[in-house]
Amino acid sequence: MSRGAAVIHRTLMKGNEAICAGAIAAGCRFYYGYPITPQNDIPEYMSAHLPRIGGTFLQAESEVATINFILGTSASGRRVMTSSSGPGISLMQEGLSYMAGSELPAVVVNISRSGPGLGGIAPSQGDYFQAVKCGGHGGYRMPVLAPHSVQEMYSLTMLAFDLADKYRNPAMILGDAIVGQMKEPYEQTPYVSSVPAEKPWALTGCAGRPRQHLKSLYLKDNAIEVHNWKLHGKYRRMEEDEVRFENYRLDGARIAIVAFGTAARVSKTAIQWARDEGIAVGMLRPITLYPFPETQVDEVARKVDVVLVIEMNTGQMLQDVKMSTPCHDKIRFLGKPCAMPTPEEIHGEIRRLAGKAE
Amino acid sequence: MTTDVVMAGFGGQGILMIGNLLSLAAMEEGKHVTYFPAYGVEMRGGTANCTVVISDEEIGSPVVGSPKACVIMNGPSLEKYLPDLRRGGILVINSSLVEPSNVDRDDVRLLSIPANDIARQVLGSQQLASMVALGAYVALAGVVSMDTLFECLPKVISRKYEKFIPLNVNALKEGESFARNHA
Amino acid sequence: MQSNQAAGKSIAKEPTGRIEIDFERCKACELCVFACPKGCIEIGAKINRQGYAAAFFARPEDCTGCAICAETCPDVCIEVWR
Amino acid sequence: MKEKGKGGFGKNVYRRPESLVDVKTHFCPGCHHGIAHKILAETIDRFCLREKTVGVACVGCSVFLYDYIDVDVAEAPHGRAPAVATGVKRAQPDRFVFTYQGDGDLAAIGTSEVIHAANRGENITVIFVNNTTYGMTGGQMAPTTMLGQKTSTSPYGRDFRKDGYPIKMAELLATLEGTAYSARVATSTPAQIRKAKEAVRKAFDMQIKEMGFSIVEFLSTCPTNWGMKPIDAQKRVLGEMSEYFPLGVYKERKQADFL
Amino acid sequence: MKEKGKGGFGKNVYRRPESLVDVKTHFCPGCHHGIAHKILAETIDRFCLREKTVGVACVGCSVFLYDYIDVDVAEAPHGRAPAVATGVKRAQPDRFVFTYQGDGDLAAIGTSEVIHAANRGENITVIFVNNTTYGMTGGQMAPTTMLGQKTSTSPYGRDFRKDGYPIKMAELLATLEGTAYSARVATSTPAQIRKAKEAVRKAFDMQIKEMGFSIVEFLSTCPTNWGMKPIDAQKRVLGEMSEYFPLGVYKERKQADFL
Amino acid sequence: MSRGAAVIHRTLMKGNEAICAGAIAAGCRFYYGYPITPQNDIPEYMSAHLPRIGGTFLQAESEVATINFILGTSASGRRVMTSSSGPGISLMQEGLSYMAGSELPAVVVNISRSGPGLGGIAPSQGDYFQAVKCGGHGGYRMPVLAPHSVQEMYSLTMLAFDLADKYRNPAMILGDAIVGQMKEPYEQTPYVSSVPAEKPWALTGCAGRPRQHLKSLYLKDNAIEVHNWKLHGKYRRMEEDEVRFENYRLDGARIAIVAFGTAARVSKTAIQWARDEGIAVGMLRPITLYPFPETQVDEVARKVDVVLVIEMNTGQMLQDVKMSTPCHDKIRFLGKPCAMPTPEEIHGEIRRLAGKAE
Amino acid sequence: MQSNQAAGKSIAKEPTGRIEIDFERCKACELCVFACPKGCIEIGAKINRQGYAAAFFARPEDCTGCAICAETCPDVCIEVWR
Amino acid sequence: MTTDVVMAGFGGQGILMIGNLLSLAAMEEGKHVTYFPAYGVEMRGGTANCTVVISDEEIGSPVVGSPKACVIMNGPSLEKYLPDLRRGGILVINSSLVEPSNVDRDDVRLLSIPANDIARQVLGSQQLASMVALGAYVALAGVVSMDTLFECLPKVISRKYEKFIPLNVNALKEGESFARNHA
């Protein structure tokens, strides 16, 4: 992240609150939401802070209402955000599909919990499919960003607003209880906008211009096909321009871990330990889950002996790794649903793969 | 150098506050630090706990499988966390509420401190028991300096309770001196 | 008046009922303490495994067995005999 | 172009309202959606709101609102128009915001959204067209379907023991504190049309005066799905429908500061 | 085992209802959920329904209903208990079916489901616990939160201009034709507890007599999230809460065949 | 399909209605739903027929309510079905996740339409991701069956009920407007149950047994992890035992089409034409989209020169094909969002791939 | 009576108004036919491009220009002058 | 042998009924057949159309890019479907409502039949126009026998209108004989 000249100081902050700080820094002045653990810090923070800076916090009667408040405010040309977790995000799927179809930007945060159903609040990456393949109907896509630190909760939120506006599409932050609830020092780097602020498509009353509308219905002839090709073009551009990832100690690695978010964070400890023992292991950490770093995964896979996919689920991103590279025989998986693999477990697996005795 | 500590007790004993204070102090001293609380189990009561990791390097996992230290403020927490504590790790227990004889391990560095009693008898309020325990832990582990803790107190104590800061300083000191005398 | 006499009678130190409070289950909410028309219940000093200073049957001699405490207790800690 | 004033009659006494786009509608013959659209457009004209309005279309036969009313329009998911309107109004309190919804949309899938918008006193106006059926999808039973009415999903007639009662939204919403205005109208006679216009005018006025949530329920025909000639459909509205759903004003707030 | 009749008092006048499982609850000290649970269990016992009941738990502090009430229980998604209960009752009309729901569950996310269950006259019983907040998630604003009340998401107090009014569900549901019984009770005094039992008994009776939908709204405390001592919370119920949410019976059907 | 001794006669029937016939044959007596095009024939048929045979038809106030009626009736141990399309299916995602988490069987039919959002009613396979990757939260799975004829609309519906009960999990029929609206003759083969009828887990009142419950919340310790491993075990068993597919003229093929549902149906015409010209082309048609015929796709891919994936979207099953086989370089894609590729287009593509001049 | 006279006057074959019906836009719903108090409008024989036998201004001589037909027409086919 | 036909007209002209009848007849004759209607565009009015494919083999696509025949009952449908009709294909137009001079192709086999007029004048009801057109198409294409059509009529005409079956038979026959005389 580029830093401005402004004096930057470190603050100890909760991941969930860093998202709020990032949103406010990026000019978001509208937040709607409905309570659900483990993301309640977000509405609570917003309800306290937004009114003080002329913004609007409104608690909706449900997540279905929430996503439609979002739709309305986005259609008004304003930056707007919501956050929820598993069940609430599921209830937003219809609305998200409408927003993608109507080309409306917004930032949706999923601080995911354990599922399926009511599940539990143990940390989990079980919502990968829902986020990355898009759980709503109709085959739209949206950028999905996976922060692994409080700093990234802040900075990727700002980025999410820019991506949303740039592509006129919802963008998602996919976190979990660990990055959401932990505190660590972060730097409140200034927001530098990468997109124009004007939204000529916004519905503001048709003074001085013909009326316009925002909609997803295309009934005549093959209008819906044409519309879909247009959307598809946007997705292609995202895939070309917006892939983000971190290469962590991949120099000379024979084993490459692929992991995101909390799983990647924990893996770093294990990699430190293994490197200290002389094991050549590193990690490719997708920061954008969509667009997925397909080329990068393929390149790494071709170089190393083993690709170890680590997830807090039973193997979802694993499919995207297989889709990215034909080196299927090098791929191994370490996963736990609804539980964080400990650094010890990952370290053990690395040692096993490196052929070290237990 | 990386160290970590799990702190646990009843909700309302101030566990999260001492975890926060320790983290702030570590940050103040330029260290890397992560603080992870047990977050709302969607209901009240029961236990509260948090994990603090402090290091000179970038921190990976904010949660640990086998912690290097535990500060245990009540009985149920001892049952829960004692088995995980690393061999040779530091164990501070609040002997006002935890029976020291329940510590069934001898491969750890145990400090039994009657935190509630000290808080009540010496400082006049049981509310300060966890500060006493933190003082003891920091004295043993030496992860941050006591002075930094004192400096950071205003950041965790709300304006409304400002006037109690000196009392909290005393609590930390009581814990420290108890640790120095009994370790 | 009649009623005064009746009231006088029931004040007499002759318990007509008896309660038992489950020490471990009590959460020391004090609802029974305030509910008991005779003030028989108090919060104790001993802390139970849940961490609460449980209520105890402080003045058995005044108990009428009216069961109001039991009806009130949200945690079903109190059993009553008459 | 039409010759104006031909034959010595110089004063044009009825023409298409300005805010009503000059295109053919897709509505069936005799469908009262067309009348409701006209009244809506006339009222927008009357208050000179065309350029400061944001409408919210629902899903139903009236989804093409944006093709007919010459204002900015957002399309809401089925039932969610009041929520979308909330999002618009919160972002732009100085714009006039209305929704236009059918009875499937408002009284079935969108029950929660309209109730909570009303309860919040959301300063928006709802035009609600109750034709006792799901028109767009081919005439299924709606929450407003009359007892005994046969529809494509109540082939043996609506039975209260199984399907419950036709729900009276104007009355229900009138019970909520945040509702400033709630009325039920029809458009089957010239007199009714006049009253309907008056109700819509009042509803608009409430929003302009920031009094809170306003709604006008239109009893409407759906000749196609009722399997009736338009004129018979109109008679049904005048008869059994207005008997069960009485026309009238159920709530009208008089003072702006309503607490 | 407890000694019975010790000290010469032979008659046990209060003990745990049979249908109430003998375990510790997770409720906070002084939370009235516990009292509502007791009354529910007592009423199940009274009608000898334990073995023919299917309960539906909601999402909220009372989600663990199945750990406490000794009957078959299904867990519904947040707000959907009346819909789940509908599915159960339609499949098994001869079983006794109830839901137990909080105010976030019933009056916010589940508004539509409860209204349509009532409107259909669904023959189920709803126990509704209104504590003016979302207990389980840490005390956020609910639709029933009082004006001015500070919660974790209304830190400056609920403002009717922004958040609307506390919604009165017992009254609202009473307006629907399908509702057989609707009452609001509290459990802050012995007399109130007696009345609450009576209301739950009546509600059960409605279902048993196939009269339709019945609901009992309990005004309840949430000392934890109100930041009050239990006794003060109880006083709040007796005071401002029952002032705004008046106790009483809002509807009581007398005849089974209600058309 | 095995045939009983009963006299079977052919009937001209609409695909949507064949689903109803299949459900009723399989003993389904409960249907709940909410209208949406292009599947309204299903609730309409059920509302007319179920009451006559002692069954229950109930129109819900929304799809959210629908899926929860379903949950309640399923929890009562009865066979129950719903149907919808895109937006309605999106609204069911939370409920589906709860059902998967609570291990409750039901059949959910998606006669999909064009998306995203309100989209249109042109035929589309844009809901593949939603169906196959499961759009709800928490990473559950469900069998997804893709009929390509009226006969299969009937028979796969019966199968769906058996799979649902066998695994105590929702099962989905993924159709589209073409197979839903078309009529063709079909044989009403008798239903032969492959699963036991008893459901001892059903909630029927606890007479004579301890109380039981159906739930998805697992809060204590690692209960949710244990629960997820259990679910995962079921999914593994599905993957081992339930894969279904059709090999169509693959004998000696150099080009293998992979397509499902309507796209497969249309491809058959193109394959007939191409075979008539001597082009060695065939098709592997997945009938179960989950579990996906991974091994079969891989085997075919290794044999042929080209694998041509055809979908009525911009490439969703394509990812599963890549996941199934490392032969990425043989894979080609022909897709159209929200539109049916004509036999002529597919034939043209086959010719091109076979190196025939246009 | 006055009113009768007045009514008598307006019945006189002196049209006081005039309407125009948009042939292509009309859907032949007949609402105007029934609405017109003077019975001026009828359904025609010619079918328009939409497939409807559009209404036409059958008795211009009786038109009062009251605009009731226009207010009634759901398809805004009628314009009125007076 | 595989053949197909697209039939199109105003809603209410009975397009779907004749498509169904043709399909039933084909099935009755042991052929493979698919029938695909234009399904609810979520609103009324406008046009109705359907596609029928008849074959001796398993049928792939139930919808065709370039049909081998079109039965066109109104003006808008001619505009929509004429361009797709295959070279040499059969085109039956209802000249009562479709201007034959609008047929701007000469590579098709055109039959102009005044179906509405025949229905009204000869049979007494315009409702029968589409039956007339079907009779003409079947006469030209010979996909099924007229007798099978007659036999199948009771399956597409509801009990209530049973008495009109003979009239429908006549309509089919009128169409057939017109086609034989004018083709």
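A, B, C, D, E, F, G and H are the chain letters, set down in written order, and residue numbers restart from 1 in every chain.
The criterion applied here is as follows: a contact is a pair of C-beta atoms (placed from the backbone, for glycine too) under 8 Å apart; a residue touches a chain by one contact, two chains touch by 3 or more.
What you see is a predicted model; the values in this text were computed from it and never measured.
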Chains in simultaneous contact with chain A and chain F: D, E
Longest centre-to-centre distance from chain A, chain (CA-based): G
Contact-richer chain pair [A-D vs D-F]: A-D
Centre-to-centre distance between chain G and chain C (centres being mean Cα positions), rounded to whole Å: 86
For chain A paired with chain B, centre-to-centre distance based on mean C-alpha positions, whole Å: 34
Averaged-CA centre spacing for the pair chain F and chain E, given as whole angstrom: 40
Chain centre separation in whole Å, for chain D relative to chain C (CA means): 61
Of all residues in chain C, the ones touching two or more other chains: 27, 50
Of all residues in chain H, the ones touching two or more other chains: 40-42, 45
Contacts with two or more other chains, residues of chain E listed in rising order: 27-29, 63, 75, 77, 108-109, 111-112, 116, 136-138, 143, 162-163
Contact footprint of chain A on chain B as seen in their complex: 20, 23-24, 27, 32-37, 39-42, 57-66
Partner chain D, residues of chain G touching it in the complex: 16-18, 20, 24-25, 27-31, 34-35, 50, 52, 65, 67-68, 70-76, 78-82
Chain E-touching residues of chain F, taken from the complex the two chains share: 30, 32, 56, 58, 60-62, 64-65, 68-78, 80, 94-95, 98, 102, 203-208, 211-217
Residues on chain G engaged by chain H in the complex (per definition of touch): 27, 47, 49-51
Interfacial residue positions of chain E with respect to chain F in the complex: 50-54, 56-57, 63, 66, 70-77, 80, 83-92, 95-96, 112-113, 116
